[in-house]
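Next come the structures, one after another.
Look at the two complexes coming up: chain A is in both, with chain B in one and chain C in the other.
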Partner chain A sequence: MTKIGVLRDIKARKGVAANEIARRAYLYVARNQTLPPQVRYQAQLQLNTFGRYTRPTTVKNRCTVSGRGRGIMSEFGLCRFQFRLQALQGQIPGVKKASW
Partner chain B sequence: MVSIAPSRLAALVKTRCTVFQTSYNPTSIRTGAKYLRARLRGPSMTDYYPPTLSLSSIIRQFPEMELVDAAEKQRLQDVEDRKKRGKGAPKKAKSKGSSFCNPVFHRSFF
Partner chain C sequence: MLAAIKRHSAQPWPKLTQRWLSSPAQRPSQAALDPSGPPTTAAEPQWAAATVHGRSLYLPYQHPKTHNIPVAMIHFRSYFPHLLDQFTHFASHSASALAIPISRPVALPTQRSLWTVLKGPFAHKKKQENFERKVHKRAIKAWDADPEVIERWVKYLENHAMGGVGMRVIKWERTRVGVGKDRLEHVRGQTRLASATSSDKVKALSEKIVQQELTSNSVDA
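Moving on to the complex of A and B:
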């Protein structure tokens, strides 16, 4: 069963991908100091009309196995516990338990 | 140390910009170019989770095959049975004040 947090994250990722180009265009206009302030203000208003799940900051890397939101190792996309399990089973290439 | 005239330095920067094809921006005014220059992050974002197969998605994709999800059917049946026994989900509150409800009198008597 998928966690609601993962479903929300997938929704955010899809939203970001779908609206990225339009958002970038508005950002370019709004942040461009060479353009008249009226135009920049209108662009900023347009940016504010985009929904919550179109902003890249709403996307959070979660564990791809367990869906956990904290303690994620971004190189592997796994949370600390799933990383440990898979590493001990030898499923992650190049990772070995240290002992000295 | 020989001091170099600012106009000469500006000319140098201008030439450098033409050589390396960068935009000449002596006042460091914000042009918003970084929003156009940055790579698009959407495609890599959508690839983060591995694709999963679920029965409900298959059923939704091929409605003409008329597949049946037994577990989902059972769940809906259970919900119906609970409703008949007055154990269904409560009605949505019309106003903020009516959201408080004494659990003893909560059951519907009709």
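Moving on to the complex of A and C:
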């Protein structure tokens, strides 16, 4: 069974992708200094009605192999332990044990 | 799995200027294979006549620049320098065969990325391991050739590309004044009016929202 954090992250990514244009439009209206304050306030209230799986801040990189949420290296999409296991097997191109 | 290529012997990788043909029948004749190599200052026909077989054992003939106008630059990148040496050797010989004046393969600074990770999956901060990745780079610059010739050279290299070596080609072409304006007109005529970019969509949607809010405000008030 996959980790629940992985499932939540997938849901968040899909939600963010689907709602990005609407969120950006409301944000544009809410932050626009030239518009009347009532309109800006209404836009901000609308923004607050969006659920948590539409906010880009809920998206978090996770390890693609183990699903670990911490110690992720974005360049490989792996957590530090999986990176070490794969690097020692030679499965990451160009990466080798450093010695100097 | 693509493991790092290991040297099985303690000997370094053979230099491309050294002999590495094993049987006597394969080796070029004594007259052709002069240890000093073919004459470097002579013209290309003399150079070509000096070695008939085994020409790739030496550095290619350096065609002299005619106008000193840079035309192209190719960057090669790889994790393994011996692959780079092989491919730059191939690239410079093919350019020489097409009579393109080129520079020697210049070594650009190596990029080194270092990662220090904990050895275990949990705790044990004092036991860590270092991993590195080195990106070796070479550049060959070309002068004075026709853009078509450069295009052929690049296509030839792409057709015979080497695994593990990446190539980036930068070309400089000369053209008449006013070509930018013509290109812009051409592109403008070709844009599809139906599909808008995402920033336009955002603007349109926000306009609609503003209208909705204003009408609802006026209705309430």
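In this text, the second predicted complex is superposed on the first by the 100 of 100 C-alpha atoms of A that agree within 3 Å, B and C clash if a C-alpha of one lies under 4 Å from a C-alpha of the other, contacts with A are read in each partner's own complex, and residues count from 1 in each chain.
Operating definition for what follows: contacts are C-beta pairs under 8 Å (C-beta built on N, C-alpha and C of every residue); 3 or more make two chains touch, one makes a residue touch a chain.
This one's a predicted model, so the numbers in the text were calculated from it and none came from an experiment.
Colleague: Looking at the superposed three-chain arrangement on chain A, would you call chain B and chain C a clash or a fit?
Modeller: fit
Colleague: Going by the contact rule set out at the top, does A:I10 touch chain B (first), chain C (second), both, or neither?
Modeller: A:I10: touches chain B, not chain C.
Colleague: Determine, under the contact definition given at the top, whether A:Q44 touches first (chain B), second (chain C), both, or neither.
Modeller: Touch partners of A:Q44: none, neither chain B nor chain C.
Colleague: After lining up the shared chain so the two structures overlap, which partner does A:R31 touch, if you call chain B first and chain C second: first, second, both or neither?
Modeller: first
Colleague: Applying the touch criterion given at the start, work out whether A:M73 contacts chain B, chain C, both or neither, answering first, second, both or neither.
Modeller: In the superposition, A:M73 contacts chain C only.
Colleague: Check the residue A:T64 against both partner chains and state whether it touches chain B (first), chain C (second), both, or neither.
Modeller: So A:T64 only meets chain B here.
Colleague: Does the superposition put A:F83 against chain B (first), chain C (second), both, or neither?
Modeller: Touch status of A:F83: second partner only.
Colleague: Which chain makes contact with more of the residues of chain A, chain B or else chain C?
Modeller: Looking at chain A, the partner in contact with more of its residues is C.
Colleague: Regarding the shared-chain residue A:P56, is it in contact with chain B (first), chain C (second), both, or neither?
Modeller: The answer is first: A:P56 touches chain B but not chain C.
Colleague: Once the structures are superposed on A, label A:I21 by its partner contacts, choosing first (chain B), second (chain C), both or neither.
Modeller: Both partners, chain B and chain C.
Colleague: What's the minimum Cα gap, in whole angstrom, linking chain B and chain C in the superposed view?
Modeller: Superposed on chain A, the two chains' closest C-alpha atoms are separated by 5 Å.
Colleague: On chain A, what residues does chain B touch that chain C touches as well?
Modeller: After superposing on chain A, chain A residues 21, 24, 28-29, 32 contact both chain B and chain C.
Colleague: Residue numbers of chain C touching chain A in their complex, please.
Modeller: Against chain A, chain C makes touches at 1-4, 79, 114-115, 117-121, 129-135, 198, 201-203, 205-206, 209-210, 213-214, 216-217.
Colleague: Give every residue of chain B touching chain A within the complex, in rising order.
Modeller: For chain B paired with chain A, touching residues are 29-33, 35-36, 38, 40-43, 45-46, 48-50, 52.
Colleague: Please name which positions on chain A make contact with chain C in the complex.
Modeller: 21-22, 24-26, 28-29, 32, 35-36, 38-39, 42-43, 46, 71, 73, 80-81, 83-84, 87, 89-91, 93-99
Colleague: Write out the stretch or stretches of chain A touching chain B in their complex.
Modeller: Touching chain B: residues 2, 6, 9-10, 13-14, 16-18, 20-21, 24, 27-34, 56, 59, 61, 64, 77 of chain A.
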